[in-house]
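Would you mind keeping the following structure in view while I ask a few things?
When the chains are written out, they are named A, B, C and D in that same order, and each has its own residue count from 1.
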Amino acid sequence: MSSNSIGKLLTLTTFGESHGEAIGGIIDGCPAGLEINFDAIQQELNRRKPGQSKIVTQRNEADEVQFLSGIFEGKTTGASIGFQIKNTHQRSSDYNHLKNSFRPSHADYTYQQKYGHRDYQGGGRSSARETANWIVAGAIAKQLIPSIKINAFTSSVGKIYINKPFQSLDFQKIESNIVRCPDQEKASEMIAEIESIKKQGDTIGGTITCVIQNVPIGLGEPIFNKLQAQLAHAMLSLNAVKGFEYGSGFCGTEMKGSEHNDLFNVDGTTKTNLSGGIQGGISNGMDLYFRVAFKPVATIMKTQESINSLGEVINLEGKGRHDPCVVPRAVPIVEALAALVLADFYLLNKITRV
Amino acid sequence: MSSNSIGKLLTLTTFGESHGEAIGGIIDGCPAGLEINFDAIQQELNRRKPGQSKIVTQRNEADEVQFLSGIFEGKTTGASIGFQIKNTHQRSSDYNHLKNSFRPSHADYTYQQKYGHRDYQGGGRSSARETANWIVAGAIAKQLIPSIKINAFTSSVGKIYINKPFQSLDFQKIESNIVRCPDQEKASEMIAEIESIKKQGDTIGGTITCVIQNVPIGLGEPIFNKLQAQLAHAMLSLNAVKGFEYGSGFCGTEMKGSEHNDLFNVDGTTKTNLSGGIQGGISNGMDLYFRVAFKPVATIMKTQESINSLGEVINLEGKGRHDPCVVPRAVPIVEALAALVLADFYLLNKITRV
Amino acid sequence: MSSNSIGKLLTLTTFGESHGEAIGGIIDGCPAGLEINFDAIQQELNRRKPGQSKIVTQRNEADEVQFLSGIFEGKTTGASIGFQIKNTHQRSSDYNHLKNSFRPSHADYTYQQKYGHRDYQGGGRSSARETANWIVAGAIAKQLIPSIKINAFTSSVGKIYINKPFQSLDFQKIESNIVRCPDQEKASEMIAEIESIKKQGDTIGGTITCVIQNVPIGLGEPIFNKLQAQLAHAMLSLNAVKGFEYGSGFCGTEMKGSEHNDLFNVDGTTKTNLSGGIQGGISNGMDLYFRVAFKPVATIMKTQESINSLGEVINLEGKGRHDPCVVPRAVPIVEALAALVLADFYLLNKITRV
Amino acid sequence: MSSNSIGKLLTLTTFGESHGEAIGGIIDGCPAGLEINFDAIQQELNRRKPGQSKIVTQRNEADEVQFLSGIFEGKTTGASIGFQIKNTHQRSSDYNHLKNSFRPSHADYTYQQKYGHRDYQGGGRSSARETANWIVAGAIAKQLIPSIKINAFTSSVGKIYINKPFQSLDFQKIESNIVRCPDQEKASEMIAEIESIKKQGDTIGGTITCVIQNVPIGLGEPIFNKLQAQLAHAMLSLNAVKGFEYGSGFCGTEMKGSEHNDLFNVDGTTKTNLSGGIQGGISNGMDLYFRVAFKPVATIMKTQESINSLGEVINLEGKGRHDPCVVPRAVPIVEALAALVLADFYLLNKITRV
C-alpha cells in the first residue's frame, strides 16, 4: 500500500529529498544468487548524472550508490537490498526564494495544499533527483533479465522527430551523441535546438521511444496487472511525463481492423506488429515498443509572474541549474523503469502454471 | 497482489468469462453508510449494454446486476460487496470454430502460450464482458464522490475529430446521440462512418476524452501512486486501449516551457490548464482531462488468414456479433474506471494529515 | 489492501452474510492447469457442515459450492476463480429480537459502533458462515500442494486433553468420531462433555492441534512474512480463536536453551523438534505443528442480561441453533487456513533463487 | 508484497544485517504535520540497546538513528521517512567459525537451504538487530496515537510468573528494574534467575504481557485484517516468539460460555473483560491485553554438537556476546510492534464511514 513502492514481487521502495543528506531505497524480492555487476549500475547512474554534457543541467553530483545490505560476497542473498546515494553538491541557498513562493507548473502548490507543510528546497520529494534511485533498482533488474534487451532513445525534441521506424535504427548509436538519438542527422538538429532554447533561457519538450527485444512470450497478468498497464503506470510516475502509447498508439485509432490486425506467421510470430508486442495484456514475443511524452521543463531562466503563500502576485526569477530539455537524461530512466516492470513480470510468470 | 484487483483502499476484485454462468466481483473498502442508488447503477450498465443502438454489437444481454452482500436496508454496511451479472444470451456455438484457432490481434495466442490451457469461448477471461463488472463498481464509486463530475465522450472516430476545446462543449449532449459525442455535427459524421465501416465488415478505432470537474485539491499520492499514473494504469487495463495522455499530452512535447507553464491566478487557480489538473501527481483543483486511444476491434466480418494450435495456416471467417467501433460503448467504461480511481484517492486523502 | 483478502500470491477475497442470498469468494493466483477434484472440495464442506452430528448445531444447510469461472474442462485456467454458496435454510425470524440488542461477547456492539449500521441477522458479516468460503479455497489449496499432509484434530475440550505427543497418534482415526479426536478414549469423554454442556444450555471451549508433514524446506519469507506469522494471522482470523502457539509454544518459555535447542542429525533433520518445523521463519523440513485456542461459543441457551442500542438493560434469551462447542467443526477450517498459507508460501518459494 | 514490509497504511520496510554498514528502513504513510520528538525515539532505542544492564548481552552498540528524509523543520512532510542506524561495534571475527556451520535452533540452516547463499556473520538478516528498526518506527507510531497507552512488561522468566492480574500492577514500575517487571518482588527473583542461568552459560525463556489502554472503539478491519490477527502476525514476526494469546487466551478454552461472556454495563463497557478488548476483530474500548511467549535464546555458552555444510558432525563452541534471556530487551520491541499495528488501524478507521 506504500505509495513510495513500485512492483509486486520485485519491489522498490524509495525515500529522499534533493536537499536532504541522502536519497535511497530498498529493493525487495530480488532472488538470491544474482551476481551483481556494480560497474554496470554506476554506468547507468552516470548516464543520468547531471553535468554530463553541455545540453543538460550543470549541477555537479557524484551520484555514487552505496549498498548497505542484501549483497554478500558479490551476490544477492535474498534479503532486502538497502542502498543510498549521498546528496553532495546541493546548494540550498538556490531555493531560499521559494520558501513562500509557488513555481508555475511545479508541484510546490499542490504539495503545500495537500500536506500543509513542505520541504521547499529543490522541490523536496517531488524533485527528479528521486529518479537516481530508480536507476539503481533498474540496473539490478536488468541484470536479473539479461536476455531481454531494453533500448530507449530520444525520438523527438520539440518539433524535430526521427521519421524512421525503429526497425531501421542502429541502437548502438544511441550513446554516440549527447542527446541519445540513434539517427545522427536528427541528433545534430536536436542538439542545436536544445542549445538554442537554452540560450533563450527557455526549455523544450520531447519524446522517448523504448524498444524491448527478446521478451519471452507470456509476461503480463490480466486483468488489472496487464503488461501495458504497468508500463504506463511506471512511465506516468516519471516527472514531466504527459503521455504513453504502445504499438500503434494514437495513430492506430485512425485505422481499420483489416489494416491493423497483425496476421500470424506459422511460428506464431506476426507479419506486422501494430500490437507492439502485447496482446490481451500479455507479451507475444514480438518487439515491445512504446513512446513517452515529456513536457518542457517548468523551470525557465526567465522572470515569470506567480503567487506566494499569501496569495500575493510576485515575480519569480529563474534561478538554479536546470535542464533545458529533460529528454536526454530521461532515456536511462525510462529504461530503468521498463526493466523494473519486465523483471517483475518475469518473476510473476514463474508461477503461472502448476 | 491479486492481478484481478484494482484500487488501494476501495478495491474491486473480479471474476468471470463471457460464456460462464455469471461474471461478478467483490467491492471492498467502501465506507459504511452510503445510500445506494440502484437505478443509477443499472442506468450505467444500460449505457454499456450490447444491442443499445444500430452502431454497436447486436448481442442481447440483460446485464442485470444482483448484489449479494454488503448492503443492508439500502445502505452499505462496511462489509465487502459481492455482486454478479448472469450471462444469459451467450451462444457458445459461435465459438466452436475457435477451439484450436488463434484470432489475429486477439488474446487467444498469448493466453494459450502463457497458461497452456484456455477457455476459447468468447475470449474467456479476455472478453470485454468483464467491463460490465467495472461499470457496477464505478457506479458505486460515483455515488461515493457525488460532487466530482466525470464526463467522458467520443472525441474521434477514425479520422473524424472534434476540433473544439472541451471547454466549449455541452456535456449534456453526450447522451443525445448514439455515438456519445457532444458535438452534434461531428456525431452525425461519426455515426455515418461507423455504419459505413460496418457495411464493409470492418471496424474502426477512435478516442475518448474524459473531463473530471470539481476535483478537490490534493488527490494523488506521490511517488508511485500519482493520480495520472493510476488513471493511466486503469485506462490501459481496458481492452483495445493503446494510449493515454493527459493535459497537453503528446502535443505538449512540441512546446516551450514559457508557453506551457500554467501561470497562477491569486486564488491558486491557473490562467491556462496545460497541466490537465494535475501537478506533481496531485490534483490542483483545475479540470482534470485526459484522452484514451482505442484501436479498431480485432474481430472483423471478413475472412482472414491465421494459424491454428498445430501451427497450420487456416482461413478464419468473421462470425459472431461484434462492435464495428468500440468507442461508443467504452464511454461509460472510461467514466467507471475514472470514478474508481478518483474515489480511491478521495479515501486515501482522508489520512494525509494528522 | 482489501481487508477481506488473505494471501500474497494465492489470494482469497470473500463476501457474504449468513442471511443474504449467498456467500462466496474469488480465488486469485491459482496456477493454470490444476485438475480440480470437485468431490474433494464438497467433502471438506461436509466436514464443516452444520447438522452433521448430535454435538453440533442442528441448522440444516446444504453448503453446495458453485464455481462460476476460472475452471474450464475441469482444469484451472489461470483466471480468477469465482464461487458462491447459496444460503438456503436461514431463518431470519430467529434474529428479529437482535435488531436493537447486543449479544454479550459477540461482534454486535463493535460492528454497530464502528460502522454505525449493521446487518443484525445471524451476525451479518461476523458470522462463522464465512468460514465455508475458506473451506472451498483451502480445499483447492490442498490440491495445489498434494504432497504436503495437513492434519488437524481436537486436542482438548474444556479440561479434557489428549495427553500424548502427536507422534503417537493415528491421524487416520480423526474422522472416526464426531469430535474429531484421534485418541478414541478421550474422544468419548469429550463427546460426553459436550453433550452434558449442551443439556445445560451452555457452551465450552477447546483447542485444535494441527500437524503438517512433508513440508519442503524453505517455505516462509522473512522478515515480515514468516511462516509462523502468517499461520498465526490466519488462525487468529477465525472466529472464537484466542491464541496460537507453535512448536514448544508457551511451555517452551520455561525451558533452558540447552534443553530447547534441536540438535542436528547429519542429514539436516533434528533429533528433537521443539522448533515446530520452523527456524528463522522458514520451514526446516521437520513436522510443523501448532495449537489453536477456541473460547466457548458466546451464544448460550440461557437468559443473559444485556443492553440494547438505547443503552437500556434487557434480558436476552438464547435462541437459534448454535454449536455447544465450536471445535469439532473448526477442525477442517484450521486445515483449510493452513493449506491456504502453505500453498501461498509454496508459490512464493518458486522465485526465491535466480 | 514485499516480505520486508509491515502495515497497510502506515508501512515500515526494512533492510540490514547485523554486520553490514548499517541497518535501516523506510516509514511510509505517516501523515504530514506530525511533530517528531526525537528524544523519545532515542529513549526507546536505549530501552532495547545491548549493554544496558548486567542481565543482557554486553555488546556495546550506540544505536543512534539518523533520519534522512520525510521530516522537515521537525515535522513530517507526508513523504517517506528514510532512516538508518550505523553498525558500529560489530566484531565479525566472532563469526568466522560459523561460515560453514549451522547453529542448532538458529536460522543458519534454513537460510542456507532456502537461499543457497547466506551472510553468516551475526546471523545476517535473521539477526535480532533488525528489531532496532522496529523500535524507530514504533516510536513514531506511538507519537501518532498519543492518547493510546501501550505498556508491555515481563510477566514470566522461566518458571517465575507474576501471579497477579494486570489490573493490580503499577505500570510506572516497569522501568524501575532491569528485568522490566512491575512486580518488584518477582522482578528480583527473575533477575536472580537470569544471573544464575547466565553463570551456567545457559539461557532461559519467558513471557511478555502487553496492555493497551484507552483504545478507541472501532479499530480492526474484519474479515482478514482483524485487530488480533495483525497483533499476532506482528508478534510472531519477532525472533524467538513461539506463541500469542489475547484476552482469556488458552485458559479460556476450559471455560463455559456462561462464565466467559463479558456482560455489558449500560454504557457499553463490560463487567468482565475476558474478550481482551476485542470482539469480532474490532476493539470495544476495554483494555486490550495479550501475552507473548519467548523461547530461550538458542546461542548458549556451552559446547554443542552440530553439523557443518558438508554434513559433518562438529563441536560448536558458544562464542560472542548474547542475551541469557531475551525478554527484558524485548519489552520495548513488543510495544513498538503493538504501536505500529494500532497506528495502522487508527488510520484505517478514519475511512470506515462516509
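Here are some notes:
Following the convention adopted for this analysis, a contact is a pair of C-beta atoms (placed from the backbone, for glycine too) under 8 Å apart; a residue touches a chain by one contact, two chains touch by 3 or more.
Only a predicted model underlies this, so the values are computations on that prediction, with no experimental measurement involved.
Contacts with chain A and chain B are shared by C, D. When chain centres are set by their Cα atoms, the one at the greatest distance from chain C is A.
As a whole-number value, the distance joining the C-alpha centres of chain C and chain D reads 26 Å. Work out the mean CA point of chain B and of chain D, and you get 46 Å between them. Rounded to a whole number, the gap between the C-alpha centres of chain B and chain C is 39 angstrom. Residues of chain B in contact with two or more other chains: 1, 3-5, 8-9, 14, 29, 32-33, 76, 78-80, 114-116, 125, 223, 352-353. Only residues 1, 3-6, 8, 14, 102, 104-107, 109-111, 113-116, 125-126, 130, 156, 158-159, 197, 200, 202-207, 217-218, 220-226, 228-237, 241-250, 252-268, 270, 274-276, 278-284, 293-300, 302, 304-307, 311-313, 348-349, 352-353 of chain B touch chain A when the two sit together in their complex. The touching residues of chain B, when paired with chain D in their complex, are 1, 9, 29, 31-34, 76, 78-80, 144, 223, 347, 350-354. Only residues 1-5, 7-9, 11, 13-17, 20-26, 28-29, 32-33, 66, 68-70, 72-73, 75-82, 84, 114-119, 124-125 of chain D touch chain A when the two sit together in their complex.
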